[in-house]
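Each of the two complexes below includes subunit A, the first together with subunit B, the second together with subunit C.
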Partner chain A sequence: MNKIKVILSLVPLVLMFLFFWVPIIVWLQKWVFATNTISFWPDSSTRTLLLNTFYVASITSLVSTTIAHPITIFWWLASRRYRTILISVMMLPLFVGLLARNYSWIGMLSYLESTNISLLNIFSDQHILYTNFSVVLVMIYIFIPFAFFIIIQSFSTIGFAELNAGKTMGASFFESLHKLVLPRTWKQTIISILFIFASSFGYYVTPRMIGGGKNDLIGNLIWRYMEQGDLDSASLSALILLLLLVPLYVVSFILIVRWRRRILGR
Partner chain B sequence: MEKLRIEKKMLHRVKNFIKKFFISIVLLFLIAILFNCYSSENEIVSSLSIVSYGGGSYQKSHIESFLKPFEKFTGITMNSITWGAEYGKLKEMVSSGNVPWDVVEVTDAQFKRGKREGLFEKLVIYPESKEFLPNTIDDYGVANVYWGTVMAYSYKEFPDNQPNSWRDFWDIEAFPGFRALYDDPRGNLEFALLADGVDIDSLYPLDVDRAFEKLNLIKDNIRVWWNEGTQPIQLLQNKSIVMTSAWNGRIFALREQEKKIGYTWFGAALELDWWIIPKGSNFVETASRFITFSSYPERMAHQATLIGYGPVNMEALKYIEKDIQTMLPTYQENWNKSFVINAEWWSENETVMMKRWITWKNK
Partner chain C sequence: MTIINLKSPRYFTVILIVFAFIVSLFLIIPSLYVIIWSFLGTANVGVLGKPTVVWYKEVLFNKQWIYAATYSVSLAIASSTISTISSVFYYYSSIWFRNHYQNLGWILMIGPLFFPTIIYGLALRATFNANNLSEWSALLVGHSVLSFPIQYFIIESNNERLNSKWIFSAVSLGATHWEVLKKIVFPLFHYPILLAFGIGFLLSFDEIVLATFVIDSPISTIPKKMWDAINYSHDPTPAVIGTSVLLIAILCFLLGKLIFRNKDNGY
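Up next, the complex of A and B:
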């Protein structure tokens, strides 16, 4: 049986090597032996965009995961019938294409601006659309269902015994939730944050449509280079992305391992 | 013992499966190669893919004026595809040898660059060049239209005193409000220099530093860097902006429905679009026939009535009504107020300018 496992696990590893690492190795070899200079250190435009991307991706991942938690708790406490309804409601946006969703946000935000709703007074020039805020807002909207479906996996394994035990000990509902239930969902929370962070890091459609060309992310830069046929610069920018994300995942792996030791004792 | 026997059997099955899987992949690969080798111009052409730049009403003008009539004439199914003039995409397609597109529309700068880099097939059939504008027929392509990037504005915002030049575009005090510009240095650098007082006949070679300094003065008032042809019109209609650059054909296409948008030809940037056949295309002869068919004066006249872009075959003017002629970039009065984008300069400097543009925009 061990041999079977080894052979089966070799298949995805071989595919990953062929379609992922081989192109990177070819590019690196080309860079090392290139006759013309390809600077590895990102230029100022790349650095600016990386910072903006990091900022947008961080806020998107943290806020969408945070918003997904009460929705998941509501699902957890709901009866079976309402659980099914809630899952269907969360799945609906995923059936609608990304372009259609972006265009609806453009329509909605334009309408809000044109009707001059007083809520917009919190923005100094009453403009939400074509700003960094609108890009983050739409990306949070896009990723909430993903966060929900990741976090739901931990809640689905938790019974109500902890809540009941807390109640008999005199703890309030929120105290039991905070001290007994939520620590057990820490793993899925980290996975949700990492998944959404990595996904939003490479986003370029929403920033292009909602950002008005003024709030580009690193994905837009890579797209620009590809558009011009400058594949060296596009590959370099993509490689920098990868090199930034890999340490992040190493850190998160360490965090998960520590969580397991602390919570589960193994 | 029994467990060991079952494990060995399973291992054998897994190995067999993996072997068959890889053999089938190799076979499929070989079949694909053989199919590609066998497909040639000798095959009957059942369909042709024509790629338009920009989509929307421009793509519609191609479909109505060229694709549908050609399909009716030849019986060949015509597929209309749109692209955003991503040069890198075309380059990769040609270098990979997998070219699903038969005829592609490219900008003038891309035509010059693509010809230099050997990305195009030589035409087999050419249109007769009696009444074509100079330098619009080449061994590797035939020009389709002259189109213009004009300055458009909202009549409602400026009912009495309309802006009339790129200087007015830069004049925030006299004409307050947000603006929009195309998200590309091509055209915008020229507009900045015109606003800064450079003579329209002395634009090239571009004083790039001066252009970017001038653009710095307007940067905060640019609300949107648009990238789709319909966007500037939508932005004017929903009052997000008061002035913008826009492709004249998009405004022309709306002229009956929307009379609230004004525009001026002063300082408009004119460019040629070319039909080319990507290298590696399977149906070079048929594609050449399509390009020649699209160059007939009646076809070009029909397109001009739909989109308002200037046909390069001047014989087409016979078939265009006078009031529509006055809206075309090639109409003498409009032509005299505009300048033609120097495709040679841009084909050599586009990559460097684009990097500088991205850096500047994101500062």
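Up next, the complex of A and C:
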């Protein structure tokens, strides 16, 4: 019976190692250690793209998480019916599909432009579509559900009994929220920010469709190289991306493991 | 009609409810536009016309779209099955093995979660395409890996359904691991497992990044086909597909609720 237990336990780990880490190692071995005449230091246009990517990814991750946090508090405080409604609202975009949602934003934003609504005067030349603003807006829309489902993990471990206990001891609702509840959610909040930052760093679908080719991120450059068959340059750009994200992985791993140990005891 | 369970200051409750409503509208409106666009769309995105089902006929009765849909569905079923079974095994093993096993699992899982998918796509291309392995196998592997962590979180978030002492008691009384899985774990976790399978299916069906990096042949998945059409077509085809998937998902959800209504003990 122990053999079966060991086999069952090893199957998922072996699959993850074989299916994910082996291809990554093969790719790294092929493009990093092979002879390469391309300079590792990115040129000025790549540096500009990296800066733009960093800017877009930072804003997307911070704003998505900031918006999702109070929504998660609402979910935590809400009755069962409204919890279900909120979960359904968060999952609805997942069913519709990424490309369809991007197209719908193109349709809605082009309609706003064509109707010449005066609010558009706030943005330069009444353009919303095919700008950095529209790319960030749509990416925030895409990542809010992700932030919600990550932060929800922390709230689901906090019971109302603690709030009630605080109230019994004389604390106000906000004191209990501020000192008992929110400190226990900051790790998941940071994990959410890091996850969305890492995901949006390699994004190219939304910048391509909503940015119109004028507001590319580093992911678009990698995709363009790949389309042209220039896998050397694509891999080099991807390697730069990977190296920039390594600290995130380390921090995320430590936060996730420590959070789980504290909450789940394992 | 109770919206908020706990007694909180009234103005805080109102602000929270209004904020949740506004964000919900922000999330719902684009999806509603997709449905409207599928029925009122013209050949130019953003321009709406009279109600028509011509785009549904274009997609649902077109051989190329049917082939792409068959490819996407079969890939999604296969990858979701592999990743769901793996995540159940990993969850079950985590009950028995702690610390080093779980830390190793997290190290292995952190990659698909935090590595940009674009890098994984390049890695799959370097491993599979360069060695003349089939595109289908690369996509199967890629989709299984990407779904695995999310499916594991779904199953694990329903931890309260299972007391690990039941498993230990069963095994100490002579039950095999297969009997424990069959008679304790699967009956208690049928809803999370089905949900995980459904989410894995949707993630695979909608996956575009790996498809664009791995697929070179004319046989492509639905998202890849839509992506290739971006440069020359802005018709409501994506909206038709999105609306169809949404409708099927709602039907599956209602069917699942109906089937498991009496068996699910209030969960």
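Keep in mind that, in the parts below, the second predicted complex is superposed on the first by the 202 of 266 C-alpha atoms of A that agree within 3 Å, B and C clash if a C-alpha of one lies under 4 Å from a C-alpha of the other, contacts with A are read in each partner's own complex, and residues count from 1 in each chain.
Keep in mind that, in the parts below, a contact is a pair of C-beta atoms (placed from the backbone, for glycine too) under 8 Å apart; a residue touches a chain by one contact, two chains touch by 3 or more.
Only a predicted model underlies this, so the values are computations on that prediction, with no experimental measurement involved.
Using the contact criterion defined above for the overlaid structures, shared-chain residue A:Ser110 touches subunit B and also reaches subunit C.
When both complexes are overlaid on chain A, the residue A:Leu221 reaches subunit B alone and has no touch with subunit C. Contacts of A:Leu231 after superposition on the shared chain: both subunit B and subunit C are touched. Of the two partners subunit B and subunit C, more residues of subunit A are touched by C. Legend: residue contacts after superposition of the two complexes on their common chain; A:Pro247 is shown touching neither subunit B nor subunit C.
In the superposition on chain A, A:Pro145 makes contact with subunit C only, while subunit B stays out of contact range. With both structures placed on the common chain, the touch criterion links A:Ala198 to subunit C but leaves subunit B unconnected. Of the two partner chains placed by the overlay, only subunit C lies in contact with A:Pro23; subunit B stays clear of it.
Once chain A of one complex is fitted onto chain A of the other, the partner contacts of A:Leu49 are limited to subunit B, with no touch recorded for subunit C. Judged by the touch definition given at the top, the superposed model places A:Ile4 against both subunit B and subunit C.
In the superposition on chain A, subunit A positions 1, 4, 8, 11, 110, 114, 208, 226, 231, 234 are in contact with subunit B in one complex as well as with subunit C in the other. Within the complex formed with subunit A, the residues of subunit C that make contact are 2-9, 12, 16-17, 19-20, 23-24, 26-31, 33-34, 37, 45-46, 82, 86-87, 89-90, 92-94, 96-99, 101-120, 122-128, 130, 141-142, 144-145, 148, 153, 157, 159, 171, 176-178, 199, 202, 206, 208-209, 212-213, 223, 226-227, 230, 234, 238-239, 241-243, 245-246, 249-250.
Partner subunit A is touched in their complex by these residues of subunit B: 7, 10-11, 14-15, 18, 84-92, 183, 222-227, 238-240, 350-351, 354-355, 358-359, 361-363. The part of subunit A that touches subunit C in the complex is made up of residues 1, 4-5, 8-9, 11-13, 15-17, 19-24, 26-27, 30-31, 67, 70-71, 73-74, 77-79, 82, 86, 89-90, 92-101, 103-108, 110-111, 114, 141, 144-145, 153, 156, 160, 163, 173-174, 194-195, 198-199, 201-205, 208-209, 219, 222-223, 226, 231, 234-235, 238, 241-242, 245, 248-249, 252-253, 256-257, 260, 264, 266. Interface of subunit A with subunit B (complex): residues 1, 3-4, 7-8, 11, 43-45, 48-49, 52, 110, 113-114, 127, 129-130, 208, 212-214, 216, 221, 224-231, 233-234.
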